[in-house]
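Let me give you the structure first, and then I'll get to my questions.
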Amino acid sequence: MSTSDWLRTDIGTTTADSITVRGHDLAGELMGKITFTELAFLLVQGRMPERGETVLLDAVLVSLADHGLTPTVLAARLTHTGAPESLQGAVAAGLLGAGSVFLGVVEDAAVFLVGVVGKGAGDEAGLLAGADAAVAARLDAGGRVPGLGHPIHKVEDPRTPRMYAIAAEAGVLGPHLRALEMVAAAAAARTGRALPINGAGAAGAALADLGFAPEIVRGFALLARTAGIVAHLAEEMERPMGLPLFRDIDERLAEGGR
Amino acid sequence: MSTSDWLRTDIGTTTADSITVRGHDLAGELMGKITFTELAFLLVQGRMPERGETVLLDAVLVSLADHGLTPTVLAARLTHTGAPESLQGAVAAGLLGAGSVFLGVVEDAAVFLVGVVGKGAGDEAGLLAGADAAVAARLDAGGRVPGLGHPIHKVEDPRTPRMYAIAAEAGVLGPHLRALEMVAAAAAARTGRALPINGAGAAGAALADLGFAPEIVRGFALLARTAGIVAHLAEEMERPMGLPLFRDIDERLAEGGR
Amino acid sequence: MSTSDWLRTDIGTTTADSITVRGHDLAGELMGKITFTELAFLLVQGRMPERGETVLLDAVLVSLADHGLTPTVLAARLTHTGAPESLQGAVAAGLLGAGSVFLGVVEDAAVFLVGVVGKGAGDEAGLLAGADAAVAARLDAGGRVPGLGHPIHKVEDPRTPRMYAIAAEAGVLGPHLRALEMVAAAAAARTGRALPINGAGAAGAALADLGFAPEIVRGFALLARTAGIVAHLAEEMERPMGLPLFRDIDERLAEGGR
Amino acid sequence: MSTSDWLRTDIGTTTADSITVRGHDLAGELMGKITFTELAFLLVQGRMPERGETVLLDAVLVSLADHGLTPTVLAARLTHTGAPESLQGAVAAGLLGAGSVFLGVVEDAAVFLVGVVGKGAGDEAGLLAGADAAVAARLDAGGRVPGLGHPIHKVEDPRTPRMYAIAAEAGVLGPHLRALEMVAAAAAARTGRALPINGAGAAGAALADLGFAPEIVRGFALLARTAGIVAHLAEEMERPMGLPLFRDIDERLAEGGR
């Protein structure tokens, strides 16, 4: 295999007097003209988003950026305690916990819904049948239907109705978001217990509707979370939590717990 | 020290029926109303940006997101080759190389310029004197003035004039961007060699003008770079480079190099 | 739940005049008396290894430490290129690629063999039947039997017979290593194609024989690999490969590949 | 520059029927014949250690492997909470906090002592003068002398006298360990306050005496720490601390701290 088969990227190139991103001149065509959210869409999909797509992608990123003092944020702050000279290390540590348990739901929901939509006939009846079949298969296998239920928001996740409203207003409410509602209804009918669609599930469905492959959907959750981690590290620099937390634990260990 | 002294965050909280970020209701006040860039500003500074500030921050993030096949992007793609199941690991590996050599310039420039501006009397004459003194001190110590020169863009970094134009149009061209021009002029006068202001330096100055502490400036470079890394990983999934690169190196090693 | 239920560790404690690891005084009982390999065993299992166990664990760690210029080593070296001030970042980047594709085999083999041994009646006939049933189930499901075959060592992986000989001599050749041989024979009989047991598979079997839970087996592969990565980073400091590799790729990209 | 100038490694190579590490056949000459500690020495230095060197390196690694529930261990355990499927991610997160504040002392001490020994005339009088001059320079610059003092072991770090005794018995007590004692004495004389040599400082001196360049010394601290992190992750799998810690913090936050 010659190098030209694999050593190339369509994302960006640099020459002595220009920087090109996805075929656009960075300085002349992108800086000052598109937002970072539009650039993120362009970088991954290779085309500019429509206005409604940008609105929905912004809503997704805004919804996922911060959730207070999560385990991943604590990991980032504790890492900063030990290596304050390496901000990238603390951010990386914070991202490494964004795996299957927390942020994984965004990806799981997208994978599940792409399966539902892909098998459907394209019309509402097809989606309904596909959603019910997928839910039945998942429950029969003893699995959980992704995107439903939340440990804190037991009645309703406030992000979910908002995401649907934004998508509808922007004219980009697509088959994956619609299928997720059918999935929630099918799961309630089959289990006898209605669980609310959670914000991570709605985000996964929205990203699938925006045309992102389910394998890269987690990347947008990571992008959003990076903003939250950076904010926590800025706060950690001004008001350290890592060292007091460590000392508190040390004292409680010395007391034999409490 | 009681726990209440250190165990608190001003960034965000979650209750059963609401999520609050920097005092704003996430679903009702932020989703669908602000962009991800505005949220990142809000998360770190605790206040909403003005319109001009958002424009400049978007320009900074857009300018830093991608630079083609850099060592950090290669590290991310190679990590994906070995652990395709962990997207967060590949993104983290890509960020870990964003240290002193490449992205560090953004921070170095901000630190240097905050020093210049902080010592100045506030007027142009004070800035000029401060810039010259700081350049003289750095050169006397055998150091390099940060933010000047570029290995590829030897005459002009195309991002720099664009960043200044955007900041001026948006009405947010502040003392750090102005000081950087004076620093470039002072360095040229003292060394007899004019070096262009590079894009990383302009980005660092712009972030300082936007009110970010120099210690957290690198965080925005990491945020921008995350979007580029995610795009490269999406491309890697479709058209792998990691394994062919590895095999190519293996073959060349077997030939004893070339 | 009171804190004492979860806030405790059996691994180590520190007081003003002593450091205790797994109930042993670090300075008085461990330093100078046990090797690092024995300590790693003690740390994870909570008991001192027998002499034969130490010999086999050393052989496993020695066998897994380095494999030349792998993708993970390249990722570590490229990360060092960008962030030479953060050795821990370069080591972490190198470990992050030790996922399912390369080092995962060690864990996969251990999990598979623990399943075979756990179901067996304990005697050789039981093991044989268990191995054949597990292989049949895996092949029927369209999966691959872990621990067999190698892209380079097509006839025999030189580490494998050596691992068996060492385990036998040390008196610790247990059911998992024995089961792996049966698994290889069963797979050959069922597929008509004999694949050699690879070194990663033998290492996984040996670690299971040493009493490590399959979920932590990958941890020893990571420990071994850390030594190899540190060596590559020491070489990188003396003779950089990251930057030339990056430039080489840049040149080839400029030529449009080759 | 031709590829052969930079694309080569002296560490290891693999062919169809052999694996070679630092010129030794891995299966025939290393597995079962040397310990993992000896391999780590061989990998980095390119030569086999003498018996006394192995004893001292083992003591160093044993002394640095675990320190109970440190911030870095907590970061690793919390990362596992979010991404239990990626053991390498949790280990990497644990290593990322091994920066300037905690493990950096090992490197700082080595760098400082290499400076002292390098300037000395080689005899005891030269070392004494070099130690005093280096201490004076550091204190005059307002800095801290590395390797002295400990927040918990205020009178004596139990690892230190043990490290000296082991090095002496093994016949490898070299100029860096000797210089560290002189440095401690000089610092006490100049500040009027005697601080004990801490274990990290003794480890750094020992690694320098073993011939490791100060830039790679931190790598051995990372290697040692990896064993401790793996043990904590094994314990985390059996008895989770990450989730209860997170919930405990959540409850205390809800109460407004305590």
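Going by the order they are written in, the chains are A, B, C and D; count residues from 1 in each one.
To be clear about the criterion, contacts are C-beta pairs under 8 Å (C-beta built on N, C-alpha and C of every residue); 3 or more make two chains touch, one makes a residue touch a chain.
Bear in mind that the values here come from a model prediction, so they are computed numbers and not experimental data.
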Partner chains that chain C and chain D have in common: A, B
Cα-superposition angle relating the copies chain D and chain A, to nearest 5°: 180
Furthest chain, CA centroid comparison against chain A: D
Chain copies touching (chain B, chain C) - same or different residues, decided at half shared: same
Intercentroid distance (Cα basis), chain C paired with chain B, Å: 38
For chain B paired with chain D, centre-to-centre distance based on mean C-alpha positions, whole Å: 32
Per-residue overlap in chain B, given as positions that touch at least 2 other chains: 3, 5-7, 9, 13, 68-69, 83, 85-86, 88-89, 92-93, 96-99, 103, 245, 249, 253
Overall pattern in which the protein chains touch one another (line/ring/star/complete/other): complete
Interfacial residue positions of chain B with respect to chain A in the complex: 1, 3, 5-7, 9-19, 21, 25-28, 30-32, 34-37, 39-40, 43-44, 55, 57-59, 61-63, 65-69, 86-89, 91-93, 95-99, 103, 152-156, 158-159, 161-163, 165-166, 169, 213, 215-216, 218-220, 222-224, 226-228, 230-235, 237, 239-241, 244-245, 248
Residues on chain D engaged by chain B in the complex (per definition of touch): 2-9, 13, 83, 85-86, 88-89, 92, 96, 249, 252-253, 256-258
In the complex, chain A residues that touch chain D: 68-72, 74-76, 78-86, 89-90, 92-93, 96-103, 242-243, 245-246, 249-250, 253
